[in-house]
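There are structures below to look over.
In the two complexes that follow, subunit A is the common piece, with subunit B as its partner first and subunit C second.
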Partner chain A sequence: MFLQRLNPSLKALTIMLFVVLLAMIFDPITPLLFLIWTVSITFLFGKVAWKKYTLYFIPFLIFAFGMLWTTIIFADTPTNKDDSITLFGMTYPRESLLTALALSLRVLNVAALSLLFIFTTNIVHFILSLMQQLRLPPKIAYAVLAGYRFLPMMRDEIKIIHDAHRVRGVNQAKTIKEKWENYKRYSIPLLASSIRKAERTAMAMESKGFTGEKNRTFYRQFSIKKTDWIFPLIMLLGFSAAVIVSLEMGYLKLFS
Partner chain B sequence: MRPFVDVRSLRLRFETGEKDILSNINFQLHDGESVLLLGPSGSGKSTLTSCLNGLFPRELDGEMEGDIFIDGKKTIDYRPGELSKQVGVVFQDPETQFCMLNVEDEVAFGLENIGVPFEEMEEKIEDALELVDMQDYKESAIATLSGGQKQKLALACILALKPSLLILDEPTANLDPIATKDLIETIKNLREKIKFGLVIIEHKLDDWTDLAERCLLLNREGEIFNDSLLRTAIRNNRSQLVEQGIWLPKVAQFFLKDNPDQMELPLTVEEFAAYPSRFAFVAEKRISRNSSESGISILETRNIAWSARKRDIIKDVSLSIYEGEFIAIVGANGSGKTTLSRILSGIQKPASGSISLKGKALKEWKESLLRQEIGYVFQNPEHQFITNTVYDEVAFSLKMKNEPAETIREKVYEILDTFGLLELKNEHPFSLSQGQKRRLSVATMIVDGQSFLLLDEPTFGQDAQSNAELMRLLQQRHERGATILMITHDMEIVDQYASRVVVMNNGEVVADCTPESLWDKEAKNLKAWQLELPVSVQIKKIHEEEAYYVSTTS
Partner chain C sequence: MANWRFKEIVVMAALAVVFGVVYLAFLPLGGVLVGFFGPIGYDLIFGIWFIVSIIAAYIIQKPGAAFLSETIAAMVEVLIGNAIGPMLIVTGMVQGLGAEAAFAATRWKNYSVWVLMAAGVGSAVTSFIYGYFMSGYAALAPGYVTAMFIVRMISGALIAGLLGKALSDGLAKTGVLSSFALGKEYRKKHAA
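Moving on, here comes the complex of A and B:
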């Protein structure tokens, strides 16, 4: 699987680059074509489970649709009123429709690019690579890693505290306000134990010789190989193709 | 010969503290020497660890006087991180010693810190894991390991750095007896393979006694009051040891009970087995259990089952619990003890089967009325605290019922008095000591006259004194007619207090009888259920065998 083996830092930078590039395009055709390109790459080179992918994609679809709708409804008065398109028995000014489509497709593009990254990247490898390629200070990197370990522990603990309070006879929260009150009550035991855990972890890390200095070696080596550059190239290829097609069709509109 | 560790008149005080945590500490350790460091909770044992591995004074909010030399060089003269190559520590809590997600990365973390070249790491990681017999878990996620395996991994991480001194800071406090034995066995094997000095910090002595002869004793004021062989200490300072809440080995305790003036005490069962006749043995007078069972059933379960993530945790359990029983639930970790207790108390609904309390189905009980019948004490007392003072904590459930202020006051004062918490009534629950927190959590669960009390490992990780105190309170409660059900790993407690013992194995009840009949079950069964005989029974058996041997040969 080509995407999984990519250098995570380079992958992240590429994704960011194309998010910026997309922000400069204001027509619907380029993002549409590029969206198809990104999703195809994800499935071709990432072997992502499509069910999971769809599940994560749905919220973005809803958001994009909402955006489409509001942009059409609240659009500025178009310069060319006569130029309109009829869709599902309603007539819209052509210009507003195109802008709305461009915006919502951009949202979907950002979503697709992020999902490509999330589904094909091991978070630990990403952080290790950030340290090795992008000089992220180890202090921050290992703090994030330790915190990442803590999340599931905290989730379990909230559940236990919830049960423990129930046994004490705390009323079951029904309204949102009561729920909020309950969470406020959970916060003290949760904070107390989290602070204690964090302190212990810090002590354990220090006694293993961790100082936060940058001169450390790495067990998992990450480097940018020549083949890693294929990914940005492929993406650039898709992007340029999308721009050219859009230009040929006479749609291309840049940010100005 | 120059000592490897040399501590000279060490004194330490935290910024927030009113008194010294450690004062006038002086001792030396030679290369490869091992020593037991004993002291009650709060005697500064862990603080001393931080001093020895150079964390203090660098990270200390407070003041430290005196000098510590490691290998002839002051700890403050080592660069940060450098001392980790000399002194390694395994801490108490298995959950919080790691910062990576899987085993090999975690071992590598230490090696990376001290700058071991990438090419050498693989081999060092494998060597370290092999030393603790964890090589098969190299690529496992840390979250999937058991508590005992996590402690062995923590040990491997330290061993990879090849320190000359290993400090074990109550490494078994959060482990069950089987995992404890396994870890100690691992360390014993290590001593034969590699050379290192060893400092064992503990408040329980069992099983450690053959690893170290010399023992340092700390008192509550943070002073060393004894530096001698363990045997000598037990002979000469026995009363102080008990006073300071340090657990004598169970075998020694057993002999002292009948013969408080006995000088020579065995420290392990093996020692007794080797020369049974050397130690004065008084045949045990069985304490008659207060069998106050009334024969009235209060809780009935029929064929209850529960599963999580496609794994059956509880399979087809039917139990009847009678008024006035003292039930112990025992079994290996993961056998479903906690889940069963949660189902019995109505916190967790079973997937199938029925439970009835006093003849009425549990699900038909109104939550608030149910809580007046059943109290449940969680493993970590802090989880159950709701209010800001000890008084309010106990008064909480009474206030919920809108009882008159005068009655509440009376009831709360009475309970606080019995539990020895009256003087602390205005303190914040979180500021109490471990033992006090535990007592408070039990107090909150019985103030409303709850007659059925469930406890999830209430004696875990506590010192001897707080445990004795807690068991005394529970016993008192039981004598007044309360029904008690507790999960425990401690077979001494089962033997001394329980009137009935329920053994869980893989989600099933495999034995349900009196403790005496459990001890008489076949050894291979007990082994399969990961149960150990209590010391008194072990000794009795050895004694009987001996008597048999003598009578057949003569």
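Moving on, here comes the complex of A and C:
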């Protein structure tokens, strides 16, 4: 689909730009409208599985809710105290309520923007593109790619350490406290084995001629095409529309 | 970067991968704490998110280790697919800069307990300034924001500084660090 074929670096930069723009908005209407826009774009152009999407989104709903009530309770003293709203039998200052809503909707909107990126981006392509478009030094890029390959091995490693401990008579952890003790016992061997593995990988790469030189060639080439700019444009369109609607409704508030 | 051996970069990346996973594992815990205590919940355990800076800098002892390791850890978190997204890389850079500043102040020569704790506090300071703008702390009561800041600095010094040092020293004892600065130091101390 359209989002999947986008240049990963450009996609990441666009997302970052809008996260920064959102940080300057302190009214609830703009993030609400832009949230709807972001989610719609994700599903229209991204072909994202909605079940998986929902699963990832739920933690943020909880987090946003926590943000909502704490911001109401710990809010700065409002400038206009008499202007209040009654909700569920409690009276809140209107200003605090609106700011709290704005902050929690912002959390959700940032989450939606990030999910858009995560669900439509191939990670290896992202690193390759960072190297080719954003001048990430190859030494770091390939070190990260190598490190990333260790991830699935880590689970096996934990299993091995666990078994090794059991053979030597460490009991199976049942309570949370015992589990915590176990993790403490695993941490050093786990780190030690990844350091050893990293050392060996580095030597193998160097012995096969990896120098980390900047003017290297790539098997998979990435570039920014003219059509890639459609994405930032669409997002900008949605954001401006959200800001304008919010302004028309008299809610728009920048930096409180 | 020129005086770095490739081995050191890959080891730093490997550490960043391990702690990237640890960082992600602590996110839901932070979320629960936030649910109970409000935004200050994150600050209680915020130090854990600076720990790789301290460990990498302490082990490798070269300029840039704190900054790069934290940046890579953030990148790894994005790779695994956390939902803060690419913006997290910037957060990692900001935190790494704070720790790096503390090491830079000693010209990357001193790696004593106090400097490691100062690096944890440094990360706390920069990450707080960043969070103040990005997460809208400006909307909270000044007293509460001050409390958050103090708790985060303490967390940075204790969790990142002290725990980071304890883990690195534990690693040095195993001998895997024999070709790195910390391991060499350890051997020199115990040869006599």
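One rule holds for everything that comes next: the second predicted complex is superposed on the first by the 238 of 256 C-alpha atoms of A that agree within 3 Å, B and C clash if a C-alpha of one lies under 4 Å from a C-alpha of the other, contacts with A are read in each partner's own complex, and residues count from 1 in each chain.
Going forward, a residue touches a chain if its C-beta (ideal position, glycine included) is under 8 Å from a C-beta of that chain, and two chains touch if they have at least 3 such contacts.
Predicted model, so just to flag it, every value in this text is computed and none were measured.
Participant: Touching A:139, do we find subunit B (first), subunit C (second), both, or neither?
Facilitator: The answer is second: A:139 touches subunit C but not subunit B.
Participant: A:166 contacts which: subunit B (first), subunit C (second), both, neither?
Facilitator: In the superposition, A:166 touches subunit B alone.
Participant: More subunit A residues touched by subunit B or by subunit C?
Facilitator: Larger number of subunit A residues touched: C.
Participant: Looking at the overlay, does A:192 come into contact with subunit B only (first), subunit C only (second), both, or neither?
Facilitator: both
Participant: Using the touch definition from the top, say if A:56 reaches subunit B (first), subunit C (second), both or neither.
Facilitator: Only subunit C is touched by A:56; subunit B is not.
Participant: In the overlaid three-chain picture, which partner chain does A:35 touch, first (subunit B) or second (subunit C), both, or neither?
Facilitator: neither
Participant: Considering only touches as defined above, state whether A:98 meets subunit B (first), subunit C (second), both or neither.
Facilitator: After superposition on chain A, A:98 lies in contact with neither partner.
Participant: Once the structures are superposed on A, label A:66 by its partner contacts, choosing first (subunit B), second (subunit C), both or neither.
Facilitator: second
Participant: When the two structures are overlaid on chain A, which partner does A:205 contact: first (subunit B), second (subunit C), both, or neither?
Facilitator: both
Participant: Contact-wise, after the overlay, does A:218 reach subunit B, subunit C, both or neither (first, second, both, neither)?
Facilitator: Once the two structures are laid over each other on A, A:218 reaches subunit B alone.
Participant: Which residues would you name on subunit A as touching subunit B in one complex and subunit C in the other?
Facilitator: The answer is residues 146, 148, 188-189, 192, 197, 201, 203, 205-206, 210 of subunit A.
Participant: Over in the complex, which subunit A residues touch subunit B? Could you list them?
Facilitator: Going through subunit A, the ones touching subunit B are 124, 142, 145-146, 148-149, 152-153, 157, 160-161, 163-170, 172, 185, 188-189, 192-193, 197, 200-201, 203-211, 213, 215-221.
Participant: Across the complex, what residues on subunit C touch subunit A?
Facilitator: Within the complex, subunit C touches subunit A at residues 1, 4-7, 9-18, 21, 28, 31, 34-35, 37-39, 41, 68, 72, 75-76, 78-87, 90, 133-136, 138-142, 144, 167, 170-171, 174, 176-177, 179.
Participant: So in the complex, the part of subunit B that touches subunit A is made up of which residues?
Facilitator: Per the touch definition, subunit B meets subunit A at residues 50, 53, 55, 59, 80-85, 87-89, 91, 93, 95-101, 104-105, 108-118, 121-122, 125, 142-143, 154, 157-158, 161, 342, 345, 347, 367-368, 371, 375-376, 378, 380, 382-386, 396-397, 400, 430, 444-445.
Participant: List the residues on subunit A that touch subunit C in their complex, please.
Facilitator: Subunit A reaches subunit C through residues 12-13, 15-16, 19-20, 23, 26, 56-57, 59-60, 62-63, 65-67, 70-71, 73-77, 99-100, 102-103, 106, 110-111, 113-115, 117-118, 123, 126-127, 137, 139-140, 143-144, 146-148, 150-151, 154, 187-192, 194-199, 201-203, 205-206, 210, 212, 255-256.
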